[in-house]
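Listed next: structures, encoded as structure tokens.
Consider the two complexes below, in which chain A is the common component and chain B and chain C are the respective partners.
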Partner chain A sequence: MTFFKELRFNFMKDLGGPALMSISRKGRKRRHRAPNPHFGPALKSATRLKEIMTRHYFLSRYTEGAKPVAWVTSGAPVELLRAFDFYTIYPENHGALCGAKKLGPELCAVAEEHGYHRDLCSYARIDLGHYFSGKSPAGRLPKPDLLFASNNICQTVVYWYRALAHYWDIPLILFDTPYNFEEINDSDVSYMVQQFEEMIPVLEQVSGQPFKYRNFQEVVRIARDTSLAWGEVLATMKARPAPMSIFDAFVHLAPIVSLRGLPVALEYYQTLLKELKERVDRGTGALKDERKRLMWDNIAIWYKVRDLADLFAEQGMNFVTATYTNAWTETIRYLDDQRPMESMARVYSLVILNNNLNHRLKLMERLINEFEVDGLVIHSARSCKPYSVGQYDMKRLLMERLGVLSVIIEADITDFRVYSEEQTRTRLEAFFEAIDA
Partner chain B sequence: MDYFAGIDVGALSTDAVILTAGSEVAAYSIVETGANSTDAAEEALAGVLAEAEIVRSQIKRIVATGYGRVSVPFADKRVTEISCHALGAYHLFPDTGTVIDIGGQDSKVIQVGEGGKVLNFTMNDKCAAGTGRFLEVMANKLQVALDEMGELSLRAGREVPISSVCTVFAESEVVSLVAQNHPTEEIIRGLHRSIVNRVWNMVKAVGVNGGVAMTGGVAKNRGVVALMEEKLGQSVHLHEEPQVVGALGAALLAWRASQSAG
Partner chain C sequence: MTQFYGPSRKRYIRQQKQTHGRHPFGVFPAHYPREILWAMNVLPVEIWDPPLEVSHANAHLQPYICSVVKLGLELILQGQCDDLDGFLFPHTCDSIQNLASIVYDYLDIKKPCYFFYHPKAPYRSSSRQYYLEQLQTLASRLEKQLGPLDLSELKQRVQQGERLAYVLRELYTLRARGELCASNTEFYRVIRQGEYLHPDDFLPILEGFLADRKGQADRLCPIILSGILPNPQEILHLLDNLEARVAEDDLLNCSRRLLQPPVAREDPFEALAENYFAMPPCTTKDSPLMERVGFLLQKAAHTDARGVIFCMVKFCEPEFFDLPQMVEELKEKGLASLVVDSELNQGLSGQLATRVEAFLEMIR
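== the complex of A and B ==
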């Protein structure tokens, strides 16, 4: 890390970046979209969110030589890295961004040309496509000094990050979490804690900084508080009408995923929470007329978020809860700064995708009851096998147990080559007809 | 007298049904959809009017369904084929709890409740396996008429298993089976088994409750129906023209709407 580069990074962070960003914002013509008459007033905090995320990607250009950079999987215990002041990039978050910008097929195709199979998760293909082509809607992602992956979300990340480690010839830290078939016992926890201990010297070496336990505790505390705040944000949707929708939450999820453990994420959710509480008090809903309340299962269909939001809003149907958005408050809220390592081991091994299907079923039942859900939309995502497995059984069981009507739509998170508009429409319209019959 | 019409614009055929004000079927017609869904809808409607010996102005309300429902400009309302098949089958066979609809382009299994209400449903994914199109492609390859396949397969003493579910792969599999001199009937029976197995996954996902009705063009194929009944362990309800059940459901919805309107 050279002194000059560090200075430049800090300058861009505090002064240069915000100034440059505001100039480029002004220069850009805004595409105008007629407001949908079914929506309530937009969330004001969205502007702040955009600022935070743009700045995060913008600043990443100045990290080289100034800060150690790590690429991290969404389920990895990033708190440990934060204690070493790593600048973190989340390829999955970047993949979602590419998906929303409808760049999925293009970047996936680049990876496919290099021999990666179409059945591979499209986040992985987008990321590898970015590696080969350098293309990104965020300008440019900084080259990592370290890769950090955990198989608590899937096995795909293991091979994907190994490929990256091979191409760049940089260290890869893999956090292996035992799958929770029935329970996570003490020996599982000590197995995971030992891994953390082994990571520390590597992190010290790559970052050039010694491990400071107190810093680590502080990060863990902030991460826990942020997860709790995110939980409160989601819980505001229990109100009728819900002050936001899950389609909003898909977007407002970015800080808890990729800036977790940093004060900026916590501050953001406090602001957002305040706004949402005011909306609840005033009775302001995400929809002007919330007739039905729905639950979403699985990751978003990033290239369709806007269209689906419009389509459901026209029907007076609002998504008020989702297993996906819930994932960042379900376990991380139990982090404990007095036992940071052990608690980290537990919360990260108990995440939804590393947990048995019975757990998921119970979770869905609880969310359906707590949020007073009338219907369920299940996205069967071609990319994400661990999330999509068992959905047909879950659909049937939820129907039997709670009488909740549901529909499965077959799509993908970013690769819209496997999405069929006509078939999806028919399924959703049949769902609308059935829920209103 | 007032009449009500339902039009189902499917991938292969377009069907129209006319009901009397007492919800009795007055007439039905079936035409090929061809390249233009709007023309097919017009043609089916003209056909069914002639059959019922009434004129257009006597029809009080029209509901369109099927994948081409958006291209029926004269429809008063558009409803998905899922709701229509459920209602149509329930109307014909009131003990129906499950509808298995195998159409030209897609297949679906619907769980039906009180009054023909849809409780649950599932559809095939974006693929021709397990649909009428699959059989059409194979009939072509085997140079037999589509509507002869059922009879032929019932004559088969044995069955040649087809391992590919993919239409394209199954097609080349059939070519090599023909080259190995397997009797056509046995191959056809294997193809029917393949469709039934494919649809069976959907049946399992939705579950079987009460009577089972089969609808859609493929339900005309006695071979497929026999294998499905074998798997279900019960016989299925069939209309003499199982294709028209969707249009019947649409016509019933048209009739119902006029009832509730006044």
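== the complex of A and C ==
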């Protein structure tokens, strides 16, 4: 790290960045969409969220030579990296951004030109497309010094990061979390704790900084409090009407994924929670007329979030819970700063996608009951096999056990070339009719 | 000819139950400690590509799931696993992982299911320790169903596994040198019997095959097969007809599971761990790409092969992710490659056959 580059980074962080963003905000012409008459008032915190995420990507351009940079998978135990002051980039979050901006097919096509098959995960193809083309709606992503992956969300991220490690010739650290076919046991936990211990010398070498246990404990505390706050944010949707929808939560998820362990994320969720509680007190809902309450399963269809939000709002149907958004708070109760390694092993290996399908079914049953859900929309995502394989049986079992109606949408998270508008509309119309019957 | 082929799977499974009291287990791909099963009088019957039409499995699995997984589930749903006493699911990929959970958690199959997690690369000292513990955990779980594991029996089975690997390595070596008189079709038909034959029966077949077929073979164009398994089988017939010899392979169900010469270990669990970590690189173990490239180049060097055919199973993520870089690296080293992308048991289309023909013409 050079002194000049560190100085430049700190200048942009404290002075240059905020000034430039303020100028850019004033100069930007706002696109005015006609407000959807079915929605309640928009969340005020959304402006702050945008600032935080824009600043995060903006500052990342100045990290080279100033801070060690790591690219991290969404389920990886980032707390360990924070203790070494890594600047973290989440390619999945970037993939979602590209998806929302409808850039998925363009970037996927670049990866496909380089031989990556169209059937592979579209987050991975977007990221590889970005690697080959440099294109990004975030301007430019910094080249990483380290790749940090955990297979607690899928094996795909390891194949994908292995490809990046090969192209860039940089170290890849894998946090290998044994899949919980049954209950987690001491041998699994001990294996994961040993891995943390083995990672530390590598992180010290790449970051050039010694491991400071107290700093690490502090990060763990912040991460735990942030995830708990995120959990409280989601829990506000138990109210009738729910003060926000899952489509809002898909957007407000960004800090818990990308900035977990940093004070800014905790502060943000405290602000959002305050606003949501006020809305609950006032009876302000995400929809003006919340007739039905739904649950979403799987990652969002990023290029359709707004369209689907409009479509369901017209029907008076609000998504009040999702297995996806819940993933960043579900296991946080295990996190303990007095036993950070062991507790982190449990937190990260017990997440929904690293757990057997019986666990998922029980979780869905609990959410359906707690959030008083009337129906379920299941996104069968081509890109995400661990999330999607088993959904057909889940649909059947939830109907048998709870009598909950559901519909499956066959789509993809970002690659809309495999999305059929007509087929989705037909299925949803049948679902609307059935749920209203 | 026929002395190198055992009975059909179904007949064999029934015979084994009746005559040896063995417990046949359905085992999904790919890496698992078969010696522990043998030592507990279990007959592992691997499920890779049963010759079935997929119908029932479509109610449980999306269209974008690979046919190894679909055919495996179809086999169960059609009631063709009724003779089996249990299942073992190694942790191979996301799809097999979730299939295991569908079978265990959602389908009331009333048969014991076992799971085996092997640590993923890059390997560290924790990986070895964990693998050992996984072996011991699997053994103790099996003991609950099948009674105590006799350690001396396990030792014997570990040695038998090593002997089996030795004969297989001999066969591979002879084939690589052009000193094995067997067609591609015949070679794979013989060695793939190891997916269900007990080693007591498989070893004599292999030894007989080795003794019988040792000799100078016709000089054919040497190539290497990579991928999951040699399916569609028509590709082997086609290569035979086009006078191409598969001189080596990098197939998951064949040489990627081939044990290397063993290091002597007193403890059979330690020996199994040593053998596992010494096995060739593999996508399902997350082996680094350059290890895989090096492995293929080594094979090309000692066989004079000038081309690699990648037999890809549609929707197989572990294999498809490595493919672009493998092809690129091999090209840089002057090795041509062809990608054959198909569903299992769907035959070889005219178009694919033409591509194989053109590829062989190019490398000859």
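Keep this in mind: the second predicted complex is superposed on the first by the 436 of 437 C-alpha atoms of A that agree within 3 Å, B and C clash if a C-alpha of one lies under 4 Å from a C-alpha of the other, contacts with A are read in each partner's own complex, and residues count from 1 in each chain.
The definition used in the following text is that contacts are C-beta pairs under 8 Å (C-beta built on N, C-alpha and C of every residue); 3 or more make two chains touch, one makes a residue touch a chain.
Since the structure is predicted, the reported quantities are computational estimates derived from the model, not experimental observations.
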item: Touching partner for A:Phe181 - first (chain B), second (chain C), both, neither; value: second
item: Which of chain B and chain C A:Cys121 touches, first, second, both or neither; value: second
item: Most chain A residues touched (candidates chain B, chain C); value: C
item: Partner chain in contact with A:Val158 - chain B first, chain C second, else both or neither; value: second
item: First (chain B), second (chain C), both or neither touched by A:Glu422; value: first
item: Which of chain B and chain C A:Tyr392 touches, first, second, both or neither; value: both
item: Which of chain B and chain C A:Ala434 touches, first, second, both or neither; value: first
item: Touched partner set for A:Glu410, first chain B, second chain C, both or neither; value: both
item: Chain A positions touched by chain B in one structure and by chain C in the second; value: 392-393, 410
item: Touch list for chain A against partner chain C, complex; value: 114-117, 119-121, 124, 151, 154-156, 158-160, 162-163, 165-167, 172, 174, 176, 178-179, 181-182, 185, 187, 191, 194-195, 198, 356-358, 361, 380, 382, 385-386, 388-394, 397, 410
item: Chain C to chain A touching residues, read off their complex; value: 59-62, 64-65, 69, 89, 91, 93-95, 97-102, 104-107, 115, 117, 119-122, 124-127, 129-130, 133-134, 137, 283, 286, 288-290, 314-315, 317-318, 320-325, 327-328, 341
item: Residues of chain A that touch chain B when the two form their complex; value: 392-393, 395-396, 399, 405-408, 410, 418, 420, 422-423, 426-427, 429-430, 433-434, 437
item: Partner chain A, residues of chain B touching it in the complex; value: 67, 79-83, 106, 117-123, 125-126, 205-207
